[in-house]
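Here chain A shows up in two complexes: once beside chain B, once beside chain C.
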Partner chain A sequence: MARINPKFTKELQSYGAFDTNACYNCGNCTAVCSLSDEDNSFPRKMVRYSVLGLESEIESSLEPWLCYYCGDCSATCPREAEPGELMMSLRRYLTSKYDWTGLSGMLYKSLTTSIIAFVLLAIGVIWFAAEQNFMPEHLLHYGHYFEMLAIGGVFLVILLPNLFRMWNMVIRKPKVKVPISAYFKSFSELIVHMFTQKRTLGCDDSQTRWFEHLILVIGYLSLLFTTVFLDWFATDSSFVLILGYVESVIIFSVTFIFMIGRVNKKTQQSKNSHPSDWFFVIWLFLMGLSAFVVRLFIDLDILETNIWMYLIHLTVLVQWALIIVPFGKWTHFLYRSFAMYFEKLKSLSAS
Partner chain B sequence: MSEKKILEYDVLVVGGGISGGEAALNLANLDYKVLVVEKDLSLGGKMIALSKVFPTLDCAACITTPKVSEISRHPNITIMFSAEAKKIDKLGEHNFEAHVHQKPRYVNIDDCTACQLCEKACPVSVIDEYQQGLIGRKAAFIPFSIASPRAAAIDITNCTLCGACERACPTGCIDFTQTDLDYVVKAKAVVVATGFKLFDPLKIPRYGYGKYKNVITSMQMERQLAPTRPFNTILRPGDGKMPDNIAYVLCTGSRDKSVGNPICSQVCCMYSIKQGQLLMGSLPMADVTIYYLHIRAFGKGFNEFYEQSKEMGVEFIKGKIGNIKEKENGNLILRYEDIEEGKVKEAEHDMVVLSVGVMSNSEISDSFQGESLVLDDYGFIHQNDILASPSETNIDGVFVAGTATGPMDIPDSILSAGAASAETTSYLRRAVL
Partner chain C sequence: MKKKIGVYVCHCGGNISDYVDVEKVREEIEKDEGVFLAKTTMFACADSNQKDMVTDIAEKQLDGAVVASCSPKLHLLTFSAVAERAGLNKYNYIHANIREQASWAHSDDKVGATEKAIQIVKAAVAKVKRSNALEPIRVEATNAVAVVGAGVAGLRSAIELAESGSQVYLIEREFFVGGRVAQWDDLFVSNETGKELITRLYDKAMNHKNITLFTGAEIVENSGSVGNISLKVKVSPRHMKLNCDEGNLEKAIEVCPVEVPDKFNFNITTRKAIYHNFPGEYPQLPVIDMEHCTRCGECEKVCKNVDFSQQEEFLNIKVGSVLLATGYDPYEPKNDEFGYKTIDNVVTLPQFKRLVHYCDDKLVYKGKEVKNIAYIYCVGSRQVDGENKYCSRYCCTATIHAAITAKKKYKEIYNFHFNRGIRTYGKQEVLYDESSRMGDIYLQSFEDHPPVVSKVGDKTMVTIKDILTADKTLEVEADLVVLVTGMVPRQDNSIGSLLKVPKGRDNFFNEIHMKLRPVETVIDGVTIAGASQGPKNIMESMNSSLAAATKSFSLIAAGELALSPTIAKIDADNCEWCGKCDDACPFSALTKTDVNGKQVAVVNEAVCKGCGMCMPVCPSNAIELIGYTDDQIESMIDALVSTH
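Our next item is the complex of A and B:
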């Protein structure tokens, strides 16, 4: 027996803009969705869960991650209930449910909290730089250390436990019986979806969106690799040097396109931008741009006299790595691909 | 402009459909002189084109034609066809002045015997709007077989002025010298009965109307079912095959904010159920499936009619059609969520009928000079006091009848016309007292 919780809609609405109570259950959203199929019919199912406040059903649902937001459902909804935006809000809600620290929820729900967090980290960085007397060599050195530490730390302390929690909510709690061998058999699914996001191709008319997103992901991951493991800022290899430049240009140009889209609001998925969406694109843009300029300053030999530029980059980097990656929109990179993996596991257990 | 003819009547009725006709008849029977201004070539509006009516399954033409001929013969009623009230001015209480513009028919109605020789002679074929584009007609034509008046007309925009019809006409009633006429009409009261428009399904491209030939509107199906139907059987337009698996898509353009019409059209559920029953009769082997959101069978005898259709074998599936795709053989794939099961499904049908909704047709409000005629949020004419006097508009002396006030079925339109004529009478009586 399901327990109805009418207050839940309000709670969910703090994660985004939609009107589930307008829904009259015609199923148009599910029918126009090109990713919806007989095994996974959404988004109306999720609208029902949300209206009724069935939290445990929502927690164990993978559907929000199976939606890639083409926006057709919202554009054609006869009640203007914005089912696409509901799915987006559910992704934010689930992100905060998976997060054991509870910080995701706080940051998603309150813009003020997010701004305070960003400001505190900026103060921290400047304070640390002041401690180091703004010595360029020290700062670059510690900056590089921070990158490595942040990657390992955030992954082990936040993301790994959160993925485990996701597995717990989706597989263990609903008592889905998955044979151990399935975990290995389906592993390719995880990798493929993580690095290609090929499911986006199933969304109507979104080939460009998929392509832009793909090169952004590749650009981002390889810049991460180039700066952290190939030490881009200190490299002597001209190949690595150029590679880093190319990657950073890709990042800030694609994110620039995304930002323009969110300003123009021409497509359905860019109509409603939550602060977390803005933080994500703006910080990624700033990361790409500031990394590019820092390296340019190094090559022009003017960074020593303009250490403020590196401080900007470091501030952006720290905010990105400690707020957006563990608690913000960055996590969709993991949750989306793990959702495909868990979905495969569920289908194997059913058969 | 000085040569405009001045005509005087008690009541000006705008619209000669079933509501306008009924109101005119009631008023004329009370000895008021009535002028009916009709935009089209024939009386009877949309009803005269229908097959049968719900929930009694009476023949629509058999109800409409006697009524229409009574209206045309009534000594107190004058009808102007191809005419529009361009300007309506309230000069004072019981004192309206309207400027009526009449386009030429190029045929003297009184002399035409409807022999159809002009139709035979005319070399120009165009799409027949009275058969909902299912077949063609000539540029010299009789609108439809039960038109009233049953007289020819020349479609001048398509006419090549070859003169063949003129030569063929045995009575010499074709007259290309006719010109536009303008009248000044003085009336003591006005009844607006401008009816409705059907929703244009081209506004929902995902249903493929206009692109897939076997996707038709409910009005096109209505013509295929009517006694005066074009093919004398039911055929799908794509290849002339007799369909055996027909789908109805309810709420096409109704209750849909995304196309700008959030309200229920009130008649689509019932006319679709009616057509389902009629199809069971004309194509006994055919399957009929009605995809619905909620069946609204609220009138007298409606729910029984709905139940009856289920017993006859009409299938009902709850779920709005999301989109329609065409197969190579002309069949159509309908994608929907089966709400009972909560699963997205696809179904193949060989013909799809879009149950299009009722939209407002209130351009007449632009004709009112001075005090404008107020419309409601959906473009229908606003009723000042919907409960106590439903025919009153915001202008004293201007009354409204039928679907000009909002979607409604035929019995309600007749009731509304009755109310409008009663309220008009009471307004006219005040002038005398």
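Our next item is the complex of A and C:
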């Protein structure tokens, strides 16, 4: 027996949902959704859970991650209940439910809090730089350390426990019996989805969107690798040098295209932008661009005299690594892949 | 017997002639001595053939005509009219059906079909030889209408009739007009209040010289027939000469020691024995309810216009037509139906409407503030086991409208609609949209799994297997449960039996034909309007009341009625008054009458429908049906069985 909570849609609104209550359960959205199938029927089901405020059902649902926001459902809904935007909001809601620190929810729900967090980190960076007397060598050195530390720290302290919480909500609590062997058998699912996001291909709308996403993910991950492990800013290898340039160009140009899309609002998924969506694209764009310029300054030998450029890059990097990656939209990339993994586990438990 | 009969045998394209040898039929029938002319025709109903028939009948002075063609349901009237146009009385035209009865029925046997067609036409010829010219029965009609019930439907019909020029007697059983609508505040879809609507209608009706309103009045006797109906009306006294002087009425009510449940508020409040339903109600004159008054005389001391000497009065009125607009009752749930009367916070929708009327800034029921309201739809309608199979039509919309009103009027109201599919048809759909956008929650089940209302500790829980959530069982803690009760016929519907108006399967008054004759009843001169005919909202009640008014008016407007002459006729010499015909007649057209010192049955010509039910039961064969006499029918039978 589930108790109805009519106040829930109000809460969801702070995550970006709107007009959800207008739904009259016609099911058109589910019918038109090219990713919905018999085992995972959505988005109507999620709309219904949301209207009724069935929080534990929502927490154990993987459906929000199975949606790649093509927006067909919103375009089809006769009541303009924006089911696609609801799915997006549920992803934000779930992200904050998985997050043990509670920061995710605070940042999603309040733009002011987000801005304060960004500003505080910027001040922190500048204060640290001042401590170091703005010495380029020190700054670059610590910057590199920071990258390595942030990757490990964020993963171990935030993301790993959060993934564990996600597993707890979707597998353990609802008592899904999964044989241990299934965890290994399905592992490839996780890797494949993480790197290809091939599920997007199932969307009817466009293959270009998938392609853009794919090269962005590859570009992003390899730039990460190039800067952290190949130490791009300090490298002597011309191969690494060029690789880094190419990767950063890919990142800022693809994100630039995305930003234009959000401004023009031509497609369903870019019609409604939550602040967190803007932060994500803008910061990724800034990361790509600032990394590119920093390396250019190094190559032109003018960084020493223009250390402000590195400071900008470092600030963007710190904000990205400490806000957007652990608590913002970046996590979707992780949760989506794990959702596919858990979904596979669930299907194996059923059979 | 006629000697100059014209017969037309139709091919009906090929519908008849493909199986029936129409030429042979013509040849055979031509041999009949009374037949003066026999022709075949491709389409008897075609304009050209109709013109030929008119010429034939008129020029050749035919004294009878037969068309052998399709069913009389299709074209009897067409060819009767042809006969009339040619100057031949329409009762001297006889229709023979050789399509449905011969060609279509026996398409596998052409010879047999042809023979049968010949017999059928011969029978028609036999009848037409013996037919007589008949003239319609003319009765004088009184240009006055009794409108029964002064709800919205009755008021609206009365105004329409008065404006058309009829005298109107508006007879209302209660002491105040307006019917149910007076009980509702805000109305869908226009958001006027019931009071506003009634005020407008009442003012208009009272300003018309042709309308006489009787309140506290009821028809107790009825006789006569369409055009000339005599009614006896009982008028109960109000026991008030005039309204009390300024302010004294409220005092008189205050001093009255008798307190009874207030029916007007569906018993959620009480009233005194001297009362009015609400200030400013029409007529603006209070009433003393003698059923409960103890004659203590307290009110009389305060208000000098109280008058206990008033007596019941009986009035005899004469009208040409009666328009019934007696409305409906809300369904009264059975004990414990969804916790009604057993769980303390379960009310009906009418009670809820009154409750919202009385609660100003907080919705409070039995001392507790209400936040969560659960509405249970279709209570007493669309029943699986009960008799009320119909949908009450008004209630989905009225509930949603009431829910929106409550949500706007009070803070923090949550509405939960436990429905079986929402039927806010037409323009009313916008309310459904509005309410769900406001956050109202809709839960739906099939009839076999209705929601359950139960008491858990001191909480009232409503649970449902929601088909919109994959049959998940969901629950709501409700501060108030509102049973959305449907419409049922008036509990006291004796007026229907008095006037012999038939009821439909739903027990509401029944029309002759849902689509084609929607406001007439089989009782000539009695029309029906508003919710007395079945569930209707105000707009639909208005539509039907205007239709019924027009229909009633058209019956009597000419001052004379032309009725069909094919009715029963009693041979007084043979009749011994056994009363069997009276028992058999469904319309009470027969009365025992003294004719030259003998008790015999006499047919009321304006009432008899010519159904023929009385004929076979008469032991002395004293009844003939004009147009279907024994002689005519027997001759047809002879023709049908004759071998040629």
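In this section, the second predicted complex is superposed on the first by the 350 of 351 C-alpha atoms of A that agree within 3 Å, B and C clash if a C-alpha of one lies under 4 Å from a C-alpha of the other, contacts with A are read in each partner's own complex, and residues count from 1 in each chain.
The criterion applied here is as follows: a contact is a pair of C-beta atoms (placed from the backbone, for glycine too) under 8 Å apart; a residue touches a chain by one contact, two chains touch by 3 or more.
From a predicted model like this one, the values you see are computed outputs, not experimental measurements.
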### Query
If you stack the two complexes on chain A, which partner ends up touching A:Thr76: first (chain B), second (chain C), both, or neither?
first
### Task
Could you look at A:Lys45 and tell me whether it touches chain B, chain C, both or neither (first, second, both, neither)?
both
### Message
Just checking: does A:Thr9 make contact with chain B only, chain C only, both, or neither of them? Give me first, second, both or neither.
### Response
second
### Query
Of the two partner chains, chain B (first) and chain C (second), which one does A:His144 touch, if any: first, second, both, or neither?
neither
### Query
Touching A:His332, do we find chain B (first), chain C (second), both, or neither?
neither
### Task
Name the contact category of A:Asp19: first (chain B only), second (chain C only), both, or neither.
second
### Query
Where does A:His213 make contact in the superposed view: on chain B (first), on chain C (second), on both, or on neither?
neither
### Task
For A:Arg165, select first, second, both or neither according to whether it touches chain B, chain C, the two together, or no partner.
neither
### Message
Can you give me the overlap between the chain B contact set and the chain C contact set on chain A?
### Response
24-25, 45, 79
### Of chain B, residues touching chain A in the complex
206, 251, 255-258, 262, 293-294, 319-323, 335-339, 342-345
### Query
Given the complex with chain C, which residues does chain A contribute to the contact?
1-4, 6, 9, 19, 21-25, 45, 48-49, 51-52, 54, 79
### Summary
The residues of chain C that touch chain A in their complex are 414, 416, 432-433, 436-443, 463, 468-470, 472-477
### Task
Mind listing the chain A positions that touch chain B in their complex?
24-28, 30-33, 36-38, 41, 44-45, 75-80
